[in-house]
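Below, chain A partners chain B and then partners chain C, in two separate complexes.
Here is the complex of A and B:
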């Protein structure tokens, strides 16, 4: 059965594929050790859009706690942070 | 007493140094910092953390300070273009996660408004990220001393191309940069953000 972590990971991986296709790059290996920012696919604006996309899709408020950016931009860490982040009610989202 | 230059991150009392230089770095990066963080207070709180993070553009590890008898006079932060690009990507990620979901939408808008403000810096360029002179010591030639040290640091690392961005209203700094051979490359503005910056470049022979 697909877990929430699997769904979030698949969502991010799809965004990576889209970014690679848009910038005509070969997508990097999409394993959990991939650093999304260092791979050069997500510039400052694209990264904030990715985070907002995860929050909207999965009704959560992403909290990366005390992690430094070089840690929370790693795919596996970002998925873990998203799974552990507080949920936001879809009703609140519509306000 | 002689004026000395020291690497800020190399001192054992780095916490005290951070408290002293963090507001100077903030001021040197304004008005951009206050705009992108949304307020002076938010910027000050975040930048005090960024100065402590080695991967940040404004890390104390990249700062050099001038001092006279232990009294700080000013300083600068400089790095190669490739390093700058990596730092800026991680700083933007830190900025993204510095607020809650609602604040993130505002950050996204501000990043969009300012996305063309600073032209890309080449990997073969040595970039002056921040330079400041303590307000009590302005007009005494320390800005020129800092520029000499910055250019010398770049030349020692084999760079011949030098780059910086400066607020287009900062006539005093622009005059100093011109004196050291910097010429205007491009003026960029973000009218909705009320920001105008000047990209400047200089060439120097290697040592």
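Here is the complex of A and C:
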């Protein structure tokens, strides 16, 4: 069965593929050790947008307050941080 | 320790050297987890300076370096200055064609390359005609480079001089230029801005006093060296005997941990760092207690960001600085006080007043000075204003002008401001962002503010569309993915606070803001999107 971590990972991987496609880069190997920022795919604004996307899709609030940047810019670590984040009330139906 | 009164110096390297003689054992630089004392850095710099001087026949006014956040990058800045030349920073992350154009345009015939730049050399050097001397202080293994590029001379580590003898700054050549930077023009063609020793030293005198720098201070170094705000980091720090902390690439986006681990006291960055840290919930109250001063520059500072930073860095004095490269680093300042949001225009913190000894005025389209309270283009004059663009007479004449009844030179900033009742300059946007909608002049910044306020996000932008020579039919708004987003209530809020012609005709909710190469929101791309979205309907 697909776990929540798998779903979040798949969501991020899809965003990386889109990002690579729009910036005409070859998508990197999408394993858990990939550093999204070091790979040159996400700058700060783009990363903020990725986080917003994860929060919205999975109804959670990421708190990275005390983490080293590497602890959330690396794919596997970001998945773990998201899984461990508290859930928020599900979004009301869109109009 | 009390702030040392700044010893007089007339050259950046002499300013560094004064501190190095006074505090040889104090730390000057922390980079890549290594700390370098003033004596060490002084020695490295003098060695590089002497290596250049020994081979310098053409006596060009500037020399370039290609390195990134390494000890060699900082030593190269100082070494080039020690040789008597001005420095031209090149960026290992820039497209090679752009770097090649900058190098050629600068006229530099020396290039210092750090270990991190060596791999770029084959692409960079191919096609460069004038012979270069390429100094590689980090390696003896140059591979096939000398054979592949016989036109250029290579100086491996082993041939670099290890010390510069007792000479201070070389008197011959002694270039008036401190550094040469490139700004991207609105046309997309970069312009070279030579900044003189006199320009920078004027800035350093003023800010050393203003921020009472002491040798115990620990400075952030966030800015890339191709950005002139890095000159503040390096030389406000080094002329006062303090220590510079080069923020590693991996921490640039989210530097909170770096700040508290190293107990930084002086902070300087672009405001967008705050937005990122806010979003990542890193700006908890009192979480950055070591900071004494927090300075922001480079883009508009929102009151909401200033407040969030102030809560986190509660011991620090927060200032918004403003200034174009052409007027040396920063030329105006505004001291933020918690709760002073009412002094802001469109939610943007004022840019305040120019530094003592510098001058500002606001002009209209006919280049006549306007009364306080009237919006117009900001012009600045004084010892920080540079002499114009390198080899670009036409552009220099356009931007560096004389105004009636005075023969002094004013730099036209292209920024739209007004002087408020307190004599404080309020930033309203770029002149280029002004558009006419149905005959009315509109500042998009004002629409952005209404959108941000109503949608409770910083990710809200307005564009005018379709634009034809400054005139547009209507304004359209964009906001980024939000929970429970109600576009109708945002439009209703806009109707309450703005005249009809400023209210976005449509508000589009998009997943992601398109960003330009500088990582800023790409308005032209959004304007194009309006056309696509409307035609798609």
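Heads up, the rule we're going with is that the second predicted complex is superposed on the first by the 89 of 95 C-alpha atoms of A that agree within 3 Å, B and C clash if a C-alpha of one lies under 4 Å from a C-alpha of the other, contacts with A are read in each partner's own complex, and residues count from 1 in each chain.
Note that in this section a residue touches a chain if its C-beta (ideal position, glycine included) is under 8 Å from a C-beta of that chain, and two chains touch if they have at least 3 such contacts.
Since this is a predicted model, take the numbers as computed values, not measurements.
Engineer: Look at where chain B and chain C land on chain A after superposing the complexes, then choose clash or fit.
Structural biologist: Once both complexes are aligned on chain A, chain B and chain C clash.
Engineer: Which touches a greater number of chain A residues, chain B or chain C?
Structural biologist: C
Engineer: Taking the superposition as given, does A:53 touch the first partner, chain B, the second, chain C, both, or neither?
Structural biologist: second
Engineer: Looking at the overlay, does A:44 come into contact with chain B only (first), chain C only (second), both, or neither?
Structural biologist: both
Engineer: Touching A:76, do we find chain B (first), chain C (second), both, or neither?
Structural biologist: Touch partners of A:76: none, neither chain B nor chain C.
Engineer: In the overlay, one of 98-106, 134-142 or 260-268 from chain C clashes with chain B and the rest don't. Which one?
Structural biologist: Of the stretches 98-106, 134-142 or 260-268 of chain C, only 260-268 runs into chain B after superposition.
Engineer: Need the overlap of the two footprints on chain A, from chain B and from chain C, as residue ranges.
Structural biologist: 37-38, 43-45, 47-49, 51-52, 61-62, 64, 68-70, 72-73
Engineer: What does chain C use to touch chain A in their complex?
Structural biologist: Contacts found on chain C: 249-251, 253-257, 272-273, 275-276, 279-282, 284, 287, 459, 480-481, 483-486, 511-513, 515, 519-521.
Engineer: Tell me, which parts of chain B touch chain A in their complex?
Structural biologist: Interface residues on the chain B side: 53, 55, 86, 88-97, 100-101, 104-105, 107-108, 111-112, 115.
Engineer: Within the complex, which stretch of chain A touches chain C?
Structural biologist: Result: residues 35, 37-38, 43-49, 51-53, 56, 61-70, 72-73, 91-92, 94-95 of chain A touch chain C.
Engineer: Report the residues of chain A in contact with chain B in the complex, numbered from low to high.
Structural biologist: 37-38, 42-45, 47-49, 51-52, 55, 61-62, 64, 68-70, 72-73, 88
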